[in-house]
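Two complexes are shown next, each including chain A; its partner changes from chain B in the first to chain C in the second.
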Partner chain A sequence: MRIILVGYGVVGKGVTTIIARRYLEKVKDYGFSPKIVAIADIDGAVINPRGLSPEKLEELKQRRAPTNPISADPDFGHPGMSALDVIESVEAEVVVEVTPVNIKNAEPALSHITKAFKTGKHVVTTNKGPLALAMPALTELAEYNNVYLRFSGTVGGGTPMLEFAKRCLAGDKILGIRGILNGTTNYILTEMPQNRVTFQEALTNAQKLGYAEREPSMDIDGFDTACKVVILANWVMNQKITLRDVDRTGIRDVSLQELDEAAKKGNTIKLIGSIENGKATVKPMEIPKNNPLCVSGVLNAITFFTEYAGEETLIGRGAGSMETASAVLRDLLDIRHKLANRLT
Partner chain B sequence: MRIILVGYGVVGKGVTTIIARRYLEKVKDYGFSPKIVAIADIDGAVINPRGLSPEKLEELKQRRAPTNPISADPDFGHPGMSALDVIESVEAEVVVEVTPVNIKNAEPALSHITKAFKTGKHVVTTNKGPLALAMPALTELAEYNNVYLRFSGTVGGGTPMLEFAKRCLAGDKILGIRGILNGTTNYILTEMPQNRVTFQEALTNAQKLGYAEREPSMDIDGFDTACKVVILANWVMNQKITLRDVDRTGIRDVSLQELDEAAKKGNTIKLIGSIENGKATVKPMEIPKNNPLCVSGVLNAITFFTEYAGEETLIGRGAGSMETASAVLRDLLDIRHKLANRLT
Partner chain C sequence: MKTVMKFGGTSVATGENIRHVARLVTQHAKEDCRVAVVVSALAGVTNSLFEIACQAKKSDTKHIETVTQELRQKHLEAISTAIKSESIQKEVTEITEKTICELEKVLTGVCYVGELTPKSKDYVVSFGERLSAPIVWGAIKDYEGETQCFTGKEAGIVTDSNFGEAEPLMNYTTHLIRERIGPLFEKGVIPVVTGFIAANQDGIVTTVGRGGSDYTATILGAALEVDEVWIWTDVDGIMTADPKVIPSAKMLPELSYQEAAEMAIFGAKAMHPRALKPIIEAKIPVRIRSTLHPENPGTIITDAQSVKSTGAVKAVALIKDVAMVNVNGANMVGAPGSYAKVFEVLGKNNINIMMVSTAVSEANISMVIRRNIVGRALSTLEIALLGRGLVSEVTSEDDVAVVAVMGANMKGTLGIASKIFATVANAGINVRMIAQGSSELNISFVVKEKDGAAVVKAIHEEFKLDKI
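Up next is the complex of A and B:
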């Protein structure tokens, strides 16, 4: 399987690491031999149609843009070559899209993905932007071009929430979903009552520790959770919605006093993304502390309400570069598996 | 898909209900049309090669053995016909084995399953006995006869723990497993500190409420958990072990005092089944109350320790007749899916 990697930040680097490291084992386990034939970054690209070796991938990781970008590689570098050109001109089966999230217009990821589809390439992405803004259209475009679109890394990070719903609950019927889908807000809401600090203090602290961005709106205003709700609604509940269909409230107004009052009742307040009775919502909600969904710190959790098996909850780490990279590997294996079945 | 149902207790009845009720929906969702062509119970059988209708299945449910067994049905009854004869003589693709568990010699389930294999039938079972005592041999026999053996209902009841491990963690590597796999013992260990009662009092209470059997050894001495550990070890960790390889301690000796001492440290005591460093163990263990694994009441929970994604925990209801029946449906869908891929 030949792969074009688009985006070379922490997740992109994680993907090269995991592919290089797991290479031999995977061959043994699944007859799966992934090769990265190109990496495209903002400065240019490196291309080797025979596959970049584990040693070369390691070497590239030492380079630092903008002074020493990967496209300066003496063997395979193509300074200034755009990702779109790489996707169009390099032969490969799959494009792995891991550029930064943009929920205004989803670019450049949206163009990368549509270009990949139009040139007959499957796509694995960890980028919520294109999915949040255009998931129904992207799903249709993939189908039209007879290629697969996979995005495990967008929800739950390393925790396979999407696969769980699709693959493990097939005999049942999912009636509703509730999740704690954002580690940053969960960290803040855990810290506030534990350390007796205000929202603002907890946020500043989370920023110092690297759990929150300097521009924290994406997390604390619930956009990140809302993106994940859109993906779940489309993929799991078959609802054709986008970000604008989600009723969204963030956690800026959650006070220590409210948390204390919830605690008196054995409850706490969490930022919950939900799909219930056909409505997609993100808002702070009071939930019982002994509910399995009620995880603390940067953990993520999701509860599926099913017809026969009742409530099923899945808990795991949220986003992290290696967790997200492992989700990319799962998606590549899934595509490989689907292709194998298609060919027989 | 033609099905022979062997065993007609609560799970068996649940299977007929779920198949009758979901029939139309499933046809729509998955092109899957299950038909029960025979039901074999201890008293005899009912057989209709064209499939027992939803109405007939409902009618059979009103009968009560031993005075009014299903085999007395005027249309399709075969009084005294043995399950082995039914499996041998009735044409079907799948045998669903849901007779009572026996961990001494695994009979009669073991004979039913091997007979099914030898006559070319796939098997779905919810019976831990044959798996606990002979899983490596059964797996081989199924492979030799080119049929599938599925058993989702044996671990986690309605919670798809086995599928989760197999299907959702494929890109990762499972290093270890820890689980609360038995609802009865978890109920007792939750009640003791909450209601300030001894082990014996909590057990009596659980028996009154129907959470514990009159002969409770299977649960409280850890046999049930040990069976599940064997199944997980074989299926998920690829270890060829049986019940005798599990180091097992039950909860009879857990005292209220020990629970109180654990509580002082923010911990509690749970009966944990684990596979760590290649060793399969069942024993009461102290775990932190805020660990996701730490569920209360009759819930089940399992944590997979993975190489890349860290700890992933799945929580859901333990065994219940409808939960277990829904697991049977999942297994039937899985076999149907595998057969479809085999044929193309």
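Up next is the complex of A and C:
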């Protein structure tokens, strides 16, 4: 299967690593032989229609934009070639879209994905922006163009939250969802009572450790969680909502005092994303410490309330380049299986 | 003697060439010959029409003017050198301006509608021949030949509506050509007919696709019951090998239709089997000859009975830009339908297989395909077949070439294959794959690309093709 990788940040590099690693095992166990035929970065692309070799992928990883971009590769580099041109002109089955998230207008990822659809390519993305802003539109477009759109890396990172709900709980009715879907905020809310620090101190600390961005609004104002809630609502509960439909409150105003008061009742405060009674909400909520959902540090957790199977909780690391890359691989395998049935 | 003469794109590439063509035609006409002429578009024009049509489809108006301006320039220049008489020049220029103007309108139309159907593509592409034929006509007239210009449609070539690859309704076409061109032709008028293009029964322009102008020439030849069809080109004829690879390659004076069809893989320098169809039935010989050396008789392609017997091997070709795809799987052994599965997947996904070979052990199929689609072929086979029990591995080799050894008399001659492979072995070269159909006209095998030229050379020498 030929793959165009769009975006070459930590996740993009993780994808190349995971595809190159144990290649033969994939062929043997899954009948899956992935080939990265192009990588498009901001300032250009590398293209080899026969697939970039594992050695070449390793070599590319050593390059650093802007002084030494991948497009400077002497064998396969195309300096200045845009991702849209690559998607349009390079033959491939799948586009893996892993550019940075933008929740204002979802660009450039949104254009990348629609271009891929128009040229008959399936899409695997880890980018929440396009889904948060236009998920109903994108699923319709994918269906119309007879291609697949997969995005399991957007929620739960390597933890298969979306598949769990969609596949493992098939036949059951999911009545509601509650989850701790953002590692950064969960780290801060764990740190505050444990080390007796204010929100601001905990945030600064998280930034030092690399858990929080220098511009932290995406996480602490609940946007990231809200994006994931949108994706869950669309994919799992078939609710055609977008980011604007989510009632969202961040954790800036959570004080140490509130946390202490909660602790007295055996509770703690977590940033919870939920879909209950058709309403999508993100807000800090008090939950019992012994609730399975109550995980600490950067962990994520999600509980599905189902009609027959009761409450099901999934816990796992919600982010990280290799974790997210593993979700990409999962999606690629899924598409491969669906395609195999279609081609014969 | 009655002939149809077809001139390809390079033969009419410039005004000078066209003047040369007109001289050849009128010379022959004066020697008590009846000549009908079929012309291709000026070299490169069909391609640029095709490209601009695709650009226009993307609603890109910018390029239309530049491209039509270029085309106008190119043809006006050709007119000024091909034709000396001012009055004829003026006449042809007027036709050209009118045609270019029409082309501009058509392209603008495509641009506005943003759609390029096979039908409109045929129409756009037809302008190449519509522009070249009047210039040839004018040049012949300049040499005081009595002549008349026809489009394929006016000449009476009626096809089905399979745009881009239209098939003539041969009997109806023959009837119309005899009616419209026959009497003039018999009188000694030289009809100049646009190659490649025709029309369906409703008069909508079509193109005949593969075989191109050669096909038009043979259709015309069969209808006018000529003695020979002459395909004028820039090579002396069909050679025993590509002279670029084998400098000592010789021109083949005679070939049978069947052999010529086998040699279609020689590419543009040979004839497409489709173009041979109309004349095989009518047993009209085709002569391939060079405008650069009109004194040479060229290669004559004719009925097998009249081809005098020569050596078993006639020619050896090297086919590059191919790749070998191997499908392996122990489970294919003895499993009915396993080959069908492989071919079905490729066929369904529009991948043409050039050559196939499998051993009776059945554990492996090797195929040769064009190199530019090997990525798609591999990916398709892997996605469709790997991991499902039947196929365990799909591999490819890019750096290969096919060597094809051809000749009608190979059939039934013992020891040809052993001689070929002994020659290859003596050159120290490994054969990767072999195929021979039971028609025995052709043995094809695959070697590494870097060895291709050496193999062709060795076989060429072994069968003494440079001494025919």
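By our rule, the second predicted complex is superposed on the first by the 342 of 344 C-alpha atoms of A that agree within 3 Å, B and C clash if a C-alpha of one lies under 4 Å from a C-alpha of the other, contacts with A are read in each partner's own complex, and residues count from 1 in each chain.
Everything that follows uses one rule, which is that a residue touches a chain if its C-beta (ideal position, glycine included) is under 8 Å from a C-beta of that chain, and two chains touch if they have at least 3 such contacts.
Just so we're clear, the structure is a prediction, and the values are computed from it rather than from any experiment.
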Which superposed partner A:99 touches (first chain B, second chain C, both, neither): neither
Which superposed partner A:268 touches (first chain B, second chain C, both, neither): neither
First (chain B), second (chain C), both or neither touched by A:290: first
Partner chain in contact with A:91 - chain B first, chain C second, else both or neither: second
Most chain A residues touched (candidates chain B, chain C): B
Which of chain B and chain C A:327 touches, first, second, both or neither: first
Contacts of A:49 with chain B and chain C, given as first, second, both or neither: second
Doubly contacted residues of chain A, that is, touched by chain B and again by chain C: 30, 344
Touching residues (chain side chain B, partner chain A) in the complex: 18, 25, 30, 157-160, 163-164, 167-173, 290, 292, 295-296, 299, 301, 306, 308-317, 322-323, 325-327, 329-334, 341, 344
Chain A residues within the chain C interface of the complex: 1-2, 27, 29-33, 35, 37, 49-51, 91, 93, 336, 339-340, 343-344
Chain A partner contacts - residues on chain C that touch it in the complex: 341, 344-345, 348-349, 374-376, 379-380, 382-388, 393-394, 398
